[in-house]
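The following pair of complexes shares a single chain, chain A, combined with chain B in the former and chain C in the latter.
Our next item is the complex of A and B:
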C-alpha cells in the first residue's frame, strides 16, 4: 500500500515541474486529435519508446551510477519472445510480454551476478560484450529466424486487435505506449523514493560507506538491474508488435544500447525527468534532421554530426545533463 | 560478556603487517579511544572490525558471536556502525535523505525511515539543516551528518574515525557534546580514533595505544599520559609537561 502511495507522491518536486509535466501530458494526449502527419506520430512513438528505455536504464545507470551499455540484449529478448510466440503459437501480447520479462530478468540474474563483481569501465565493457554475444547467438539461431529475423504478418488488420497488439493505424500504438509511459513514470517515482532507490544512491556515492550502512551492495545492484531489465524488455515486446519486422542487427545492435545510455545522460542521469527530457530532445532532432537534411539535401550523416555536437557541448558544460543545468540555475536563484 | 573481543588480530597488506597480534576487549557502555601515530594501524583495525577488510589471522567476537570474516553489511545488521575519516556524505542527497539511507536498514517503510531520521536530527541538533544538500554544509556540520547517518542504522556500538580532525576548538566542543550524548543518553558503546588529545583525554574512559601495528598500552587516560613508551612513541615530552596538572 505504501509503495502505491509513494508512486503517486510527487510532493518533493517543485510545483512548476508538475504543472509543466501535466501540460506536456495533456498535449501528448490530445496531439493525435489534430490530425498530425504519420511521420509526427511515428516520431512521438519513438520518443515514448526511448523515454521508457531511458527510464529503465536510469535506475541502475543513473541512480546507481553503473554505466550499462548492454541494454539492447533485453530489447532483443523481449521483442523475440513476443514475436516468436505470436508467429508460432498465436500467443497474445499480454501473455508473451510478461514471459519475455521473465526471460529477460532470468538472463539479467545469470549475467548480473558475475558482472557486478566488476567496477567502472570494466563493467561497462562487460555489458557491451554480453549484449553482442547474445546478438551473435540470435543471428545463427534458426528457431528465431537467424540473421533474416522474423516478420509478423497479420492475416487481417481490422478490427484493431488489442489482444495481440496488431493495428493498422499507428494511433492505437500511440495510446498503448502512452499508457506504458505514464505507468513507467509512476514506477520510477516509486523506485527513487523506495529503500532500494536510497540504497542505490548511497552505492553510487561510496560503496564502502554503503556497506557499512548495512547495504548488501552486490544484491542491491543485481535487484535494480532486474528492474531496469524489466522496463526494457517490456518495451522490446511492444517494439516487436509495432515494427513487425525484427532482426538481430537492428533490434540488438550496440547503437541501441549506446543511444539508451546517451539519452538518459543527456537529459540527466539520476533524476526523474532526465531520461524523458533526453529522449524528448534527441528523438525528434534525430528523426527530423534525418528527414530534412539527409533525404533532401543529400547531406547524409549531418544529423549524426549535429547530434554528437549537442552531446559534447552538454557534457562539457554540465556532466549531470540538461536536468543538472536546470537544478543549478534554480539553486543559484535560491541563494 | 564484552561487546567486543579481539584476539590476536593480524592484518597484512602484501608484506606489510598493519596490525600485529592485537588483543583487547571492550565492555558494553564503554567509551574507548584508539590513539597512536600516523600509520600505526588504527584505521586498519576499524576496517577489520567493521568487516570491510578480511583479517589475516586472529578472531573477532561481537556480543559473544564470532564475526571474524563477516562482511560489512552483516556487521551493520548485527549493530555495529562506523564513520569514515575522509567521507563527505553523499553530496546529491539532502541531510535527512542521507540519514534515511541508514534508517532503511531497520525498516522498509519510507515514512518510518523519515520519522527515525527526524528523531536523530533532533538529537544531534541538526533539524535546521534537514533539507540542505550535504555538499552545501560547512565541514563541522558534515561531520555531524556522518555520525547521524551511522546512528540511523540503530547500532549498539559505534566506531568513529577522526570525527574532530580539522575542527576549531568550539567545533570540537560541539562534537564532544554529540559524542557524550550518543554514549550517555543513547547508551551506545563508542570506540573512536582521534588525534585531538583534548577530545580523547576528556571523553574517553579508556585508551588503547597502537604503534607500528602493535598495541603498546591499554589503560585510563591518566595511566596512558604517564606511560613512558607512549610518551616516546606518540605524545611527546612537551604534551605531558603542558598538561601535567589536568591529567593527574
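Our next item is the complex of A and C:
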C-alpha cells in the first residue's frame, strides 16, 4: 500500500513540471489520431523504447553512480526468450516476458555478485566484457539461430493478436509501449522514494559513510541492478515482437549499451525526467539526421559524428545533462 | 607438437606487438587516472597512416613509423588540449562517456573519409616472406619485424620514463599531481605529454600491425578491449606489467591453437565439435572479467 502511494506521489516535483509532463502525455496519447506518417510513429516508438531503457539504466547508473555499459546483454536475453518461446512453442508474449525477466535477473545475480566488487572504470569495462562474451555465445548457439538470428513471421498468426503481440499496424505497438512507458514512470517514482533508492543515493555520495550507517552496500547494488535488468529485459521482449527479426549484432552490440547510458546521461542521470528528456532529444535527432544526411547525401556516418560531438560537448561542459541546466536556471531565478 | 610450438610462437609474437598497443593506455591511465576508450581508434588512425604513407611514397611500411609517431603525438596533444582538459574537471561518469564520444567521433570520421571496406597492404619488403625455425614453426617476417620493433619502442619509452628528467616529472605527476605542481613541475604540460607519448606509441603499433592486419574503421573496439585486458592484468599504470601481461594475452588469443593441439594429441571427440576459432576473442574478454574479479591490482599494479 505504501509502495503504491509512493508510486503516485509526485508532490516533490514543482507544479510546472507536472503540468508540462501531463501535457506531453496527452499530446503523445492523441498524436496517432492526426494520422501522422509511419516514420514519425516509428520514431516515437523508438523514443518510448529508449526512454524505458534509460529509466532502467538510471536506477543503477544515475541514482547509484555505477556506470553500466553492458545493458545490451539484457535486451538480448529478453528479446531472445520471447522470440524463441513464440517460434518454438507458441508461448504468448505476456507469459514469455516475465520468464525473460526471470532469466535476466538470474543472470544479473550471477554476474552481479562478482561485478560489484569493482568500482568506477573497472566496473564499467567489466560490464562491457560480460556483454561481449554473451554476444559471442549467442552468435554460435544454433538453438537461437546463431549469427543469422531469429525471425518471427507474422503470416502464421492472425493480427491483431493481442496475446502474442503480433500486429500489422504500428499504432497498436504505439499504445502498448505507451502503457509500459507510463508504468515505467510510476515504478521509477516508487523506486526513488523507496528505502532502496535512498540507500543507493547514499552509496553514490560516499560509499564508506553509507557502509558505516549500516547499509549493506553490495546487496543494495545487486538488488538495484536486478531492477534495472528487469526493466531492460521487459522492453527487450517487446522489441522482439515489434522488430520481429532479431540477431546478436542488432540487439546485443556495444552500441546499444552506450546509447542506453547516453540517453540518461544527456538528459540528466539521477533524476526522474532525465532519461525521458534525453531520449526525447536524441532519438528524433538520430533518426532525422540519418534520414536527411545519411540517406540523401550519401554521407555514411555523419549522423553519428554529429551525435558524438554532442556527447563530447555535453560531457565536457555540462556533466549533469539537460536537467542540470534546467535546475541551474531555476536556482538562479530563485535567488 | 608442431601445432603447440607454432601456437606458442604466434602467441608470443603477437603479444609483443600488443604490448606496444597497451603501453599508451597504461601511461595515460597512470599519469592521469583517466581511461581512454578511444585508444583503439588511435590505433586505427595509426594503421591508416602507415598504409597511406606507404602507398603514397612507395616506401616499405616499416619506414613509415616516424610519420605514424608524429601523427600520433599530435593527435594525443590535440585531444588533450582540445577536449580532455575540460573533461577531467567533471565526475567519472562524464569522463567515461566523454572518451566514448571521442571514440564514436573518430570512428565515424574514418568511416566518412575512408569508407567501410577492408584495406590491406600487398607490397613491401617483408610481406609474404617467412622464416622456418624448424620443428614445424614458421614465423612470418612481418610479425617478427613488428615484434622486434615493438620491443625496441617499448625499451625506448621505458628508458624515457625511468632514466630522464622528463620521465621523473611524469612519474611525479602520476604519484601526486598537487605535490608535483608545488615542486615546479608543469603538470598540465606533463598530462599533454602523457597523451602525446600514449598516442605516438599506439600509432606506431598501428603502423606495425598494418603489415599483417587489414584495417577498417571498426577495427578499434577489439584492440581497445585487448588493451584493457592487458592493462588490467599487468596492473593499471604499470609499464613493466603491461609487457608481460601482453605476452599472456597473446597466448590467450592463440587458445584455439592449443585446443586443437589437445584434441589431436589425445583424440578427444567432443573437443573437435566445439568451434573454438569463433571464440578467439571471447577468451580475452573472459580473461579480463576473471582477472578483475580475482586480482584487481593486476600482476604489478600500484594503483587500485
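By definition in this document, the second predicted complex is superposed on the first by the 331 of 335 C-alpha atoms of A that agree within 3 Å, B and C clash if a C-alpha of one lies under 4 Å from a C-alpha of the other, contacts with A are read in each partner's own complex, and residues count from 1 in each chain.
Assume contacts are C-beta pairs under 8 Å (C-beta built on N, C-alpha and C of every residue); 3 or more make two chains touch, one makes a residue touch a chain.
Worth saying up front: this structure is predicted, and the values here are computed from it rather than measured.
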Partner chain in contact with A:216 - chain B first, chain C second, else both or neither: first
Partner chain in contact with A:140 - chain B first, chain C second, else both or neither: second
Contacts of A:206 with chain B and chain C, given as first, second, both or neither: first
Chain C versus chain B, contacts on chain A by residue: C
Chain B versus chain C as contact partner of A:195, first or second or both or neither: first
Partner chain(s) touched by A:249 [first = chain B, second = chain C, both, neither]: neither
Where chain A meets both chain C and chain B, residue numbers: none
Interfacial residue positions of chain B with respect to chain A in the complex: 50-52, 71-73, 75-77, 81-82, 84, 87, 89-93, 97, 100-102, 104-105, 107-111, 113, 149-150, 152-153
In the complex with chain C, residue positions of chain A that touch it: 61, 65, 67, 69, 114-115, 117-118, 120-122, 124-126, 128-130, 132-133, 136-137, 139-140, 254, 258, 261-262, 265, 269, 299-302, 304-305, 307-312, 315-317, 319
Sites on chain C touched by chain A in the complex: 35, 83, 86-87, 90-98, 100-105, 107-109, 111-112, 115-116, 217, 221, 225, 228-229, 232, 275, 278-279, 281-282, 285-286, 288-289, 292-293, 296
Residue ranges of chain A touching chain B (in the complex, touch as defined): 2, 6, 193-195, 198-199, 201-202, 204-206, 208-217, 270
